[in-house]
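The same chain A turns up in both complexes below, where it pairs with chain B and then with chain C.
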Partner chain A sequence: MLLRHTPKEVMDRHAVTINPAKTCQPIGAMYAALGIHGCLPHSHGSQGCCAYHRSALTRHYKEPVSASTSSFTEGASVFGGQSNLLQAIENIFTIYDPEVIAVHTTCLSETIGDDIKQIRDKASKQGLIPEGKHVIYCSTPSYVGSHVTGFSNMCKGMTELSESTGRKNGKVNVLPGWVEPSDMEEIKRLAGLMNVPITLFPDTSGILNGPLTGEYHMFPEGGVTVRELIGAGDAIGTLALGEWCSADAARHLDTKCKVPCKVLDIPFGLAATDRFIDTLRTVAGTSVPDDINRERGQLVDMMSDTAQYYYHKKVALCGDPDQLISMVEFLVSIDMWPVHIVTGTPGKKFEKRIKELTAGIPCEVNVRAAGDMFLLHQWIKNEPVDLLISNTYGKYIARDEDIPFLRFGFPILDRVGHQYFPNVGYKGGLRLLERILGLLLDRKDRDDPETTFELTL
Partner chain B sequence: MSETAAAARIERPAIFEERRDQIRRIGEGDFSMACNRDSLAGAVSQRACVFCGSRVVLYPIADALHLVHGPIGCAAYTWDIRGSLSSGPELHRLSFSTDLQELDVVFGGEKKLAKALDELIARHHPKAAFVYSTCIVGIIGDDLEAVCKAAGERNGIPVIPVQSEGFKGNKREGYLAACKAMRRLVGTGDVSDVSPLSVNIMGDFNLAGETWIIRRYMERMGVQVVAGITGDGRVDDIRRAHGAGLNLVQCSGSTQDLARMLRDDFGTPFIRVSWIGIEDVAESLYAIAEHFEARHPKLAAGMVERTAKLVREELAALMPQLAAIRRDLTGKRAAVYVGGSFKAFSLVKAFRHLGMEVAVVGSQTGTEEDYKELAAICSPGTIVVDDANPLELSAFIREKDVDVFVGGVKERPIAFKLGVGFCDHNHERKIALEGFEGMLNFAKEIHASVMSPVWRFVPRREAGLNRKDAEV
Partner chain C sequence: MAIQNKPAQWTAAEVKEELLKKYPPKVARKRSHSIVINEGAAEAPEIQANVRTIPGVITMRGCTYAGCKGVIMGPTRDIVNLVHGPIGCSFYAWLTRRNQTDPGPDGENYMPYAFSTDMQDSDIIFGGEKKLKVAVQEVYDLLHPKAIAIFATCPVGLIGDDIHAVAREMKEKFGDCNVFAFSCEGYKGVSQSAGHHIANNQVFKHLVGTETNVKEGKYKINLLGEYNIGGDEFEINRVLKKCGITNVATFSGNSSYDQFCTAHLADLSCVMCHRSINYVADMLEIKYGIPWIKVNFVGAEGTAKSLRKIGQYFGDKELIDRIEEVIAEELKAVEAALAEVRPHTQGKTSMLFVGGSRAHHYQDLFHEMGMKTLAAGYEFAHRDDYEGRRVIPNLKVDADSRNIEELVVEADPNEYRPRKSEEEKGKLGEAGFKFKDYEGMIPDMEKGSLIIDDLNQYEAEKLIEIIKPDIFCAGIKEKFSIQKLGIPMKQLHSYDYGGPYAGFKGAVNFYHEIDRLLSSRIWGYMKAPWQENPELSATYVWE
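Let's look at the complex of A and B:
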């Protein structure tokens, strides 16, 4: 067994993280930046970080991921990275010619104390940023928060472009949070059905789930445009999906441009999608069309058709706070019992929220922020579960403990589909149900004795 | 696309002016390359850092604890992302990190590191511990050496610092740091049962079972293998590595430094070998046998003959199968972009056995000499490139209209977007690509990718097919 190295007794650990349930800030900033049209993410640090982040994103999306690096060497780490970044900005606009460069920092440039805003302003003064082009930035030290924090920070960086002209443009900003390109596409489809013009940012659909064209484009079609980001300051309201991923940016936009915001959960499952649709309806002042009501009805229908199979099944989950919160709510709503929940991202608020959502479950619920997969595995050894939901790294635990395994979250390194099939909205709920049900019934079919091996549902 | 249009599009394949001398076409003027340079600021480089180099070399040592001292990312991205198969313990497949937080950065991470080591060694009983320093550790100035020394004394195992701060160079420096770390282990084990006819297999990482293939060859030749360095590696084997009669060094960079140290400190000779292709494998095996017969005529008597028999048998099995594959692949073109240039050499030759030509060849970390040698074995017109970016790579692939690209994880989706086949000859390979059976696997993989029916649906090929239909 691969994880024979995991003992059952849980001990306090403060000095070491084993099998992390998070990664570092810059990759989140890079993912968010890819959701801007014509944007080249830039990693201000040494080249290793950038190579790792690109590889990790590529493994998850099976798509080329371009990002540049300041290529720090020893000199830069002593004298600061200003000249590297200035040179990088000049080189990038000359050669790759993006609309926007989105700079994020790394542990290295943070620790030596580079001030990106000051360097950017200097680049601007020196005329290194061509007319009509932009350099946005955010600070992403990895010794604070997690990849989720980095995503949130870059979203906030985007709102620096937004301006308020004093005249509302009738659009609604939607910050989707860290979801897949397919989810972003689905959010746009739902808004379209409701006839609500939205500015979705970031928007990686079309960029990280593009078609094979026989050509390679560094900047594929898709993504929120700079013009839309500027216009976000004139929107009538903002929906921020996910407290951890999106709230900071939305609040900043509120303060800066007086665009009122509502922070919601990411719409996984019935209730969270209801809240999303309802809020969008209220903010935009429209009504919910029949098409969406029908989709909702289909989800409720499938929930009722299959309810008996979820009944009191225990689930362990590992992932990012915003995703887990909606997912746990959904599981509880179909009578499943999420009993072990771990996120690597710090934040006591997370533990509190999960406790509230699982309050009605008549057994002990373990929840930990700033935890790791080693801990999750130990919990599972002490209290076995019927289903494990996590990113690909959960497969070790699933194999060792022989548990049905739903891949959900980031990264998914060993399967495809997440780029194309959404989990958000009522349609996404259908897909989640289908996959969960499939896993539970495959297991039942595998384990049933021949006498009770069943043909029908 | 018309020919002129194609020419126009590739006329300016996004090349930095400063990079002109890192790209060459064979047959055009003097061949000299500028390389092992730092990537330019602002480059979309495919290169990695010192830490990455150290991590890939030491990672396969399966019964050691690998603790990454730094913020979480560096550890998270190197968690079990490549094969490195072990026939026994699998401690190396877990991810251990001190996960430095803001306070640690301010006040230093030494205490945390010491605590982490004590805790992990007590729980997992590793044979040794490697502690990797990352960029930030270099900046905050933790005294890794002292913490490791003390932890080693407290816990009774070697605790070895790996000085792999990322910004101190590229992968090459990482290889050196890894070699220095291993050097501390060598010489501390008992070698009384090691035969003079013995080797260390260096520079193969058993990504998909390659070390096992080479071990089997050694067995058939009558050669004892002391240590896999580091494929299917074990701490105790490495401690005994100085007992080996000969070091077999594959890969231009990764373990050559250690081989030099062992030559200087213990007098162990080394030879450079390659386990990729046909000639290179056969030549490597013969070189080993000849070395031992020359040094130990009595003891090694018959080894060359045994080797010849081995090669004969393997080729007799391999060649007919290759011939069938070759029929389909003859005339197809390949692009090769790999980490080390040694691999590029062997691949150029291996492709010839498939009837294919390598039209673009490059690496992340070749030396000028490497590139000169490479140029000597490639045909005129071949593009040779050091440290390429995705735009360059895609421009070259299109210009040469290649059928398959051999590269690593970041190159795969680029190849697929362009509608050409791909073979991962790097960390993410799933089948063994070394030795004679590796050559067959390689041929099959290339065949599968090049001949896949999916490429018929690539727009430019679809257009081509339609044109042909129209002509008929």
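Let's look at the complex of A and C:
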């Protein structure tokens, strides 16, 4: 047993988090900022934050992740980090020459009360920001929310660049939420099939799934450009995918530039994808092409072909709110029973939404926001499941309890594929089903006795 | 930027100039002291090290918390590591260092767990001590561990939570659980190094010397500064055991609480990573009379040399003979592996930028394979790790070092027992035996090589562009930008999930791994056929 000290009995805990189901804000801000073309994320705090975030993102993507830090020492922590940030801005533009620096704060700089806007303005006055270059920022104290909140805050920070000229540009803004570069690519492909011009931000495709060519570009081809971000203020509307990840930025854009918005779920699975496509069609005033109808039909076809293997199978899930909501809806739609659901991110409305989605399930459903994987494991010990869905850390539970395990979410440290193969859209739904089915059938093939071992399934 | 195949027509001075060219003047001035050319003089040149990283420069370095909780305390299986702070610091240090661990007969192993107080804004405003106390209590109620270690993260020092008072109070309350704390806020010092020092101090204060139930053995040593990445400690222990040497305590790979507590009963301290653990080695000597020597179990030659050194120290013929037998036996496989890989590795070149000792130790392995190290440097070392301990009296104590506690230790009135008399030490010295000595990296490097402290991303890229080594060694953050350039990159923090690389078997593993990296077909596929031959031929020849 790997987690041999985890007891079955659940003891109420009020202070200690064990095996977290979240991490802190700044890494989300860093990930989002990587989705801007020519952007260097900058961590305003001590070196360790930046090193940890870069390491975690690198392990997840197997790609270079460049980001800089204000390298606080004890002196900066006492006297404030202004001089460190001013120096950093000057050095970054001189040495690395990015289009944008995206500054996020840390618990350190937040606790001492550094005002990034004021420091940025000072840098601007001192001429440290070259003509045509930008410094954007967001506040990401690690002691509030989670990595998801940090992602959302940086998305909101991007909308500070947006301007309204009073003339609409005919484009739709799409905030994809915290999904993989492959998912972002897929969203662009779907919009392309529908002939809807979109501004997708952030967009990490091309940046965190780059090719090996013998050349290294610190700022690869991909990412939303500053021009596009400025233009986002003239869009006809914004689709924000994920209440937790994307809604704040979309609403801010509405307030600032009068771009109306609609908050949708991240399009994992049939129903959420249907809503996304239908909304995009409606706001852009186009029709849905046959190609997409066919993709949808293929997903429904696979669902029906393999339905018997999902039926009433119990699932435990751990991850981030927006991803879990769509995933739970998808599982319920194929007659699976998500019975234990944990996110580390706080928010009671998560629990409410999951309760609504699972209302029709004839067994008890445990759901917890601001929970941890220790609790999830204990729930599983009390009510075993047929499938576990979580980030890589779930593998310890999966091995101990001998449960088929689907890696989904952040971080995935021990498998590849998420960089390249999407989970969103109908194609993504096919991939999710393929993987779930493979896990369930591999288990059946492993466990079936000789007498009932099947050739065809 | 693309790598061109060009002959090596550069001098170290030209490379240095190129590295500094793009920097703003102040940055260039500061960096120039950290980039040193080895002229091959009798005395190593002075290098600037252990100074602040320049803000905005993309550094490899981490923080004090990482050095304390991640490196030194992380590998011990039966101490609950409770991180007091926002969730991230605990999350990122959760199982990411590859410290392998044998859960032992008692099975007490908290390595796969991450414990945090997950501080919220209300804790920052009103103070987090109360929450910390409840968290310690909850850990105790749930797990009843023999020890709980509390680690401070950045905001804890700023808001003034007294974690040491909490530790004292809870330790007294429990009676059967040692609770102690580390003020290892990330902003202290200039790198992980400060965290090593803080960890050393607290381990020495709260653990060492508290138990007397020591392992039996004729030749008892401590192995200091070995973290069992990829199973290195398993292999070193296998070799030691085979020689009949008893390892009382490893600091801290594959270690348990009891090992720290009985370390004062060993008769010799063997220091692997000088940077991270020399403080404990010194304190063990002053308080308990245990001398220390520098060893290096990375590389087959180094391993043999280190074993012989241990044999010479104990001076027992039985042990010395046994060590020679073991070396002879083990070297057979080493020599066979070398014969296999050397045709592919001989004459190839490497660069190593990592750690506080690995960039030095791993040069031995490359040397054994006939490879040349063109440039090397540490991420968080001090001048003595480059130039040797002779420079210690002249080291400047700056503001960043001054705030790290220096423990004042005296000989213990009851427990101090000099393992060697001054006369015995003198005799060993005459025979060339060196106590408490480390000559550093530079004297082992070739003339004309470059030594660069706290290398950053820009400089790494430039080095590769100009020098084009056959292999580059650093950490995960550097891995893929290097490999995008088509240069194989070997992680020497995590070993790319391989290992062990220490000891004799480790050396064999490493030879094969480097051979694989250098000989892999993968690097030949970067250009498509139409990119290599873009011209369309006039007529296509059909079958």
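Heads up, the rule we're going with is that the second predicted complex is superposed on the first by the 457 of 457 C-alpha atoms of A that agree within 3 Å, B and C clash if a C-alpha of one lies under 4 Å from a C-alpha of the other, contacts with A are read in each partner's own complex, and residues count from 1 in each chain.
Operating definition for what follows: contacts are C-beta pairs under 8 Å (C-beta built on N, C-alpha and C of every residue); 3 or more make two chains touch, one makes a residue touch a chain.
Owing to the predicted nature of the structure, the values given are computational and were not obtained by experimental measurement.
Enquirer: Now for A:Ile27: first (chain B), second (chain C), both, or neither, which partner does it touch?
Expert: Both partners, chain B and chain C.
Enquirer: With the two complexes superposed on chain A, say which partner A:Tyr143 touches: chain B (first), chain C (second), both, or neither.
Expert: A:Tyr143 contacts both chain B and chain C.
Enquirer: According to the stated criteria, A:Arg399 is in contact with first (chain B), second (chain C), both, or neither; which is it?
Expert: neither
Enquirer: Is A:Lys352 touching anything from chain B or chain C once the two structures are fitted on A? First, second, both or neither.
Expert: Neither partner.
Enquirer: Pick one for A:Ile112: touches chain B only (first), chain C only (second), both, or neither.
Expert: both
Enquirer: Now for A:Ala88: first (chain B), second (chain C), both, or neither, which partner does it touch?
Expert: Touch status of A:Ala88: both partners.
Enquirer: Taking the superposition as given, does A:Arg54 touch the first partner, chain B, the second, chain C, both, or neither?
Expert: In the superposition, A:Arg54 contacts both chain B and chain C.
Enquirer: Same chain A residues contacting chain B and chain C, which ones?
Expert: Shared contact residues on chain A: 2-5, 7, 13-20, 22-27, 42, 45-49, 51-56, 58-59, 62-74, 76-77, 84-85, 87-92, 95-96, 106-108, 111-112, 141-144, 146, 210, 212-216, 218, 344, 374, 393.
Enquirer: Can you name the residues of chain A that touch chain C in the complex?
Expert: Residues 2-5, 7, 11, 13-20, 22-27, 42, 45-49, 51-56, 58-59, 62-77, 84-85, 87-92, 94-96, 106-108, 111-112, 141-144, 146, 210, 212-218, 344, 374, 393, 396 of chain A touch chain C in their complex.
Enquirer: Mind listing the chain A positions that touch chain B in their complex?
Expert: Against chain B, chain A makes touches at 2-5, 7, 13-20, 22-27, 40, 42, 45-56, 58-59, 61-74, 76-77, 84-85, 87-92, 95-96, 106-108, 111-112, 141-144, 146, 210, 212-216, 218, 344, 374, 393.
Enquirer: So in the complex, the part of chain C that touches chain A is made up of which residues?
Expert: 1-3, 22-24, 27, 52-66, 82, 85-96, 107-110, 112-121, 123-124, 131-135, 137-139, 141-143, 153-155, 157-159, 185-191, 399-400, 403, 457-458, 461, 475-477, 479-486, 526-527
Enquirer: Which stretch or stretches of chain B touch chain A in the complex?
Expert: Going through chain B, the ones touching chain A are 14-16, 38-52, 67, 70-79, 81, 90-91, 93-102, 104-105, 112-113, 115-116, 119-120, 123-124, 134-136, 138-140, 166-170, 390-391, 394, 409-410, 412-414, 416-419, 457-461.
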